[in-house]
Amino acid sequence: MPTLTLNDAVGLALAEEMRRDHKVIAFGEGIATKRHELVTEFGALRVRNTPLAEGIIAGTAVGAAAGGLRPVADLLFAPFLCYAMDELVNSAGKLRYMSGGQFSFPLVTLAMTGAGWGIGAQHNHNIEAWFVHSPGLKVVMPSTPADARGLLKAAIRDDNPVVFLLDIGLLYQPGEVPHEADPMPLGQAATLRSGNDVSLISYGKTVHHCEQAAESLATEGITAEVIDLRSLKPLDEAAILATARKTGRVVVVHEANRLCGVGAEVAALLAEQAFTRLKAPVIRLGGPDAPVPSSFPLEQATVPQADAIAAAARRLSAPQPA
Amino acid sequence: MNTFSNAVEPLRLYEQLLLIRAYENAIVRGSTEGRIPGTCTSVGQEAAAVGAINALSADDLILTNHRSAGHLLARGADPGRMLAEVMGRRDGYCMGKSGSLHISVKELGVVLTTTIVGGELSLAPGVALAQTMQGRPGIVACFFGDGAACEGSFHESLNLAALWNLPVLYICENNQWQAFVHRREAMSRERVADWGAGYGIPVRTVDGNDVFAVLEATREAASQVRDTRRPALLEMTTYRTRGHFEPDDQGYVDKAELAAWLARDPIAICRDRLIAAGRLAPAADAELAARVDSRIATAVAFAAASPFPAVEELTLDVYA
Amino acid sequence: MPTLTLNDAVGLALAEEMRRDHKVIAFGEGIATKRHELVTEFGALRVRNTPLAEGIIAGTAVGAAAGGLRPVADLLFAPFLCYAMDELVNSAGKLRYMSGGQFSFPLVTLAMTGAGWGIGAQHNHNIEAWFVHSPGLKVVMPSTPADARGLLKAAIRDDNPVVFLLDIGLLYQPGEVPHEADPMPLGQAATLRSGNDVSLISYGKTVHHCEQAAESLATEGITAEVIDLRSLKPLDEAAILATARKTGRVVVVHEANRLCGVGAEVAALLAEQAFTRLKAPVIRLGGPDAPVPSSFPLEQATVPQADAIAAAARRLSAPQPA
Amino acid sequence: MNTFSNAVEPLRLYEQLLLIRAYENAIVRGSTEGRIPGTCTSVGQEAAAVGAINALSADDLILTNHRSAGHLLARGADPGRMLAEVMGRRDGYCMGKSGSLHISVKELGVVLTTTIVGGELSLAPGVALAQTMQGRPGIVACFFGDGAACEGSFHESLNLAALWNLPVLYICENNQWQAFVHRREAMSRERVADWGAGYGIPVRTVDGNDVFAVLEATREAASQVRDTRRPALLEMTTYRTRGHFEPDDQGYVDKAELAAWLARDPIAICRDRLIAAGRLAPAADAELAARVDSRIATAVAFAAASPFPAVEELTLDVYA
């Protein structure tokens, strides 16, 4: 299997989908510069640089999608989505419904998020939960190059607006990408490791921290099941409930602020639908309620690391007070 | 007027003016009586809508906003289905999901109506891009208010459309009001055209209360956009003679200003011109008015008879 | 005690704080028109109408706050905050931290939200959870005129940016407002009714639906404790945990989308910190994952009503399967 | 040059140009070697920063963005504390929380620096409002790029400042680039001034690579703002001669365009003028360069010696 970085896997998926469907177009601040090979293959009309104006980039994607194209808009870093919330939430997410189903909005918004570059809170802010909370949108955040490619292909073919988040810390990590070019269905979590004692549920870079934690737990005789959510909306509730019912112990892990994050949704789901099967409290590990600092050691400290995850799993696996 | 002679069917325009006014008045009455939810009426602005819409071709797409009844009716929308939508009924154009403020009618080319002020500006370039890239002939007419022109999306939209050569005709209905704020309290300049001039595109201001002038100016601007595949901006100076959203006592409105504009009522202007040109006899006028009234009465009855959507429809059409 | 609507209580709080502190100013799209009495008393410089441009309204509040004023910006309806997310989240919420504490941002953003007016999803979208999820912001949503007045006064005096949400459905409901003009501390929930069998935790208009539910449950011998969160951030975790530990049964109720909503946070908190004291699963009642329709009966159906709340409480109070 | 004779201390300006260049070059070297995180350098734009900042008074407040080293250094910021911030250290102006892209130094009047492009534009009117309402004399200088001028906040900000008579001097450094996008691919017009003209405020374009011309133009504009308490826009035409964010191989940059601008290096222009005027002897030039280099070396050492913040500081200063 060829080895690609996540960033290149995104480029590959874009190229494959543009080749397959001439309605797919891509634009954004610098996409034609940074992915110039797409311009070479598909021409300067289908791959464009834009003015520095996230609102109109997103709005143009929304309008173009309603008009029959399948735009992919690169909005660079997640905090810049703040300038595109109206277009994404009030237009893309609502106008299908508000029009009684007259329009659909097959568009993808790309944005980078998360720790790894140390340039501070206006570039690194994990706001995926906002979009999960907003109707009409789908939300994807892959943890490997292979998933990035497969899920992006599915996102481009999906008839709904998809917010597709790329973890900055994973962007230049290489990974194997299969030769087959099939899209991977949205809404399906992946079980990366089976286990009976505790479930580690995560997405993005902390999936890898969960895997490391599972390794070290294994040496202590604790078998951890590691679930990569991959899609945050639709959320694979069945997979979440299945693992929780199996192990009875759950640690939910992500980099985003704990408060009203995706981990809150997962924990709430368990409190509602797996309550009688839980053997211990749910533990959420998430980022603090603070902007992400630039300083390297502080930035690292915002991300739940393998040690903390393993420690949480150990706490759950210990006998519980009555 | 030179424009007058060019109007193919001046009486049709006049009838549309009457229809819009009658429609809005029916809503005003209905909302006073609690039968119909309040809306943003377009009373006083009928000529801008009728003149502009009639200058467009069937291929053209229209984006509009919360104050859209004129645009929809002039485009041929059924007042019954519109009212059903206003009343949240099943037979509304949007199945009751929209209500009055964002009625889209795709089959008529009225797309992506939004009540986010400035929203239509952010969507128009993309709609035009889709037209262009798919080789479709129609241009995109984007109606917006002077208030919308204060949103950042105005700047971003005009810049992109000019830069990418997108066939968008920006039509600003400058009605001097932005809800409860007068244009003077909101704009550093008197005219939106003053801003538009910065984008290197054709810009023109027209008397929005003269339906024939609007028709002519829009025809010219639309054919410019059609021929050059580049945007243009047309500003229509007009006035919102009723309140922002019914009911509204307009206590905050300067009485002299309102009176001056009421004296320039677009329907009266059109009627006087038709009479002066010998195109409208009093009897014909009364007949038109009666026809319009009966259409609206039928529409109200239709809407009132339409059922509310079933609760199961609550989650229909969220996702494609 | 005088009786005021919630809308008038807001006006009263504004007037009282402007009288007390000349640094308090108010601006927004129409505030000088709709609250003209404030212009009369405080002059046209301290109470202003603005251009129709939420971004610059919020940005101006942020800049003015950093410069020593205490602005209150009226942004009308919550979905319009989509145009002000950058200013609120990236600037107001982060610049204190990012500058190492050099600035503070004492500002209040007012916005109306929720069902009651039937004008659809671009005016009615309950996005309070977004701001709870964002660092550096406080979030308040009162359910009575008295609370609106007291909490708004505290919000204006607070040195942090506060998103202050007004429930449209409650805006013209009258309620008693005490003569005393003290601010009410942010971050304290109110126990509106004591009970032992089940806790109904809510905020905004659904607090009243919880009270109705509690009434009808009382006739069946089920005593429900009703908690009004009032502040969503800081969230009164102690009050939430105390009631849950007391009754062991919790229904969390709000109008916003369930997914990643404030109810998810409350349920997650319980799954983490009250697990061993819960006698039954947590139940969340929230709005559907759909834009809010305009049509009256559909709009009503998005809001958890007393019947549904009482039914949920009854379900919890029935003997639980092992 | 008429402007030259007005410059109080031309050598001081020159030394600042050198200091900024040396500071940026130290970062370039450090980031190549992995000792210092990469940044957005202001190489090629030093004259715009030095000329503009030196035209302001101590009362004035400054808002700037990600490419701010020139503004900070010209205002008197300590390069050691700046570098400590870039390196995420405790002694940084923002205690390591900011990093390179948003360094504010309140004590110098450099407030609310933001890397949200367009963010400074949305904050400036409020800062000016606070000045005005509290009777403070200073005006507000808001530095932004041609990219920021494409954001909707440009329009909203200029409209509000003009409407409310706020003393904001908008200073656009049009460096022809918006990260990896050329200005031509992003703007419907060549100049930001073309847009600025729509707001009814004084607008002027100046050669941003001529520090004396910038100084003079900014003085004039600043005193206009100070006297009228109304905004003005000054556009400085310049060029980002290094990449967007270090390291950057500039493979996407047109070589001829870059060469043409390198031939107009702001430091060389200033030096030549000083020499021609007999104000700078070669020995003095070398001495200045040495002084600057040693300041920067000291600064690098200071920053490198500064500790990282303790992990406990992670949640410090989130709430007031």
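We call the chains A, B, C and D, going by the order they appear; numbering starts again at 1 in every chain.
Here is the rule we use: contacts are C-beta pairs under 8 Å (C-beta built on N, C-alpha and C of every residue); 3 or more make two chains touch, one makes a residue touch a chain.
In this text the structure is predicted, and so the values were computed from the model without any measurement.
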Discussion item. For the chains other than chain A, what are the connected groups under the touch definition?
Written reply: one piece
Worksheet item: Which chains does chain A share as contact partners with chain C?
Response: B, D
Fill in: Contact-richer chain pair [A-D vs A-B]
A-B
Practice prompt. Please identify which chain has its centre, taken as the mean of its CA atoms, farthest from the centre of chain A.
Written response: B
Worksheet item: If you average the CA atoms of chain B and of chain C, how far apart do the two points sit, in angstrom?
Response: 36
Worksheet item: Which integer distance in Å separates the CA centroid of chain B from that of chain D?
Response: 46
Practice prompt. Measure off the straight-line distance from the CA centroid of chain A to the CA centroid of chain B, and report it in whole Å.
Written response: 41
Worksheet item: In chain B, what residues contact two or more other chains?
Response: 96-98, 102, 114, 116, 118-119, 150-153, 156, 159-160, 163, 185-187, 318
Worksheet item: Can you list the chain C residues in contact with two or more other chains?
Response: 50-51, 53, 55-56, 79, 82-83, 86, 90, 97-98, 120, 122, 135-136, 288-291, 293-294
Item to complete: Sort the chain contact graph into one of these: line, ring, star, complete or other.
Response: complete
Worksheet item: Considering the complex alone, what residue numbers of chain D touch chain B?
Response: 150-156, 158-160, 162-163, 185-189, 194-201
Worksheet entry | chain B partner contacts - residues on chain A that touch it in the complex | 25, 45, 48, 50-51, 53, 55-56, 58-69, 71, 86-87, 90-91, 95-106, 135-136, 138, 159-160
Item to complete: Over in the complex, which chain C residues touch chain B? Could you list them?
Response: 29-30, 32-34, 36, 49-56, 79-80, 82-83, 118-120, 122-123, 288-291, 293-298, 301-302
Worksheet, complete the sentence: Note: in the complex, chain D contacts chain A through residues 37, 88-89, 96-102, 114-119, 147-148, 150-152, 178-181, 185-187, 252, 308-309, 311, 313-315, 318
Worksheet item: Touching chain C in the complex: which residues of chain A?
Response: 79, 82-83, 85-86, 89-90, 93-94, 97-98, 120-122, 125, 127, 129-130, 132-136, 233, 235, 256-257, 259-268, 270-273, 275-276, 278, 280-284, 288-291, 293-294, 320-322
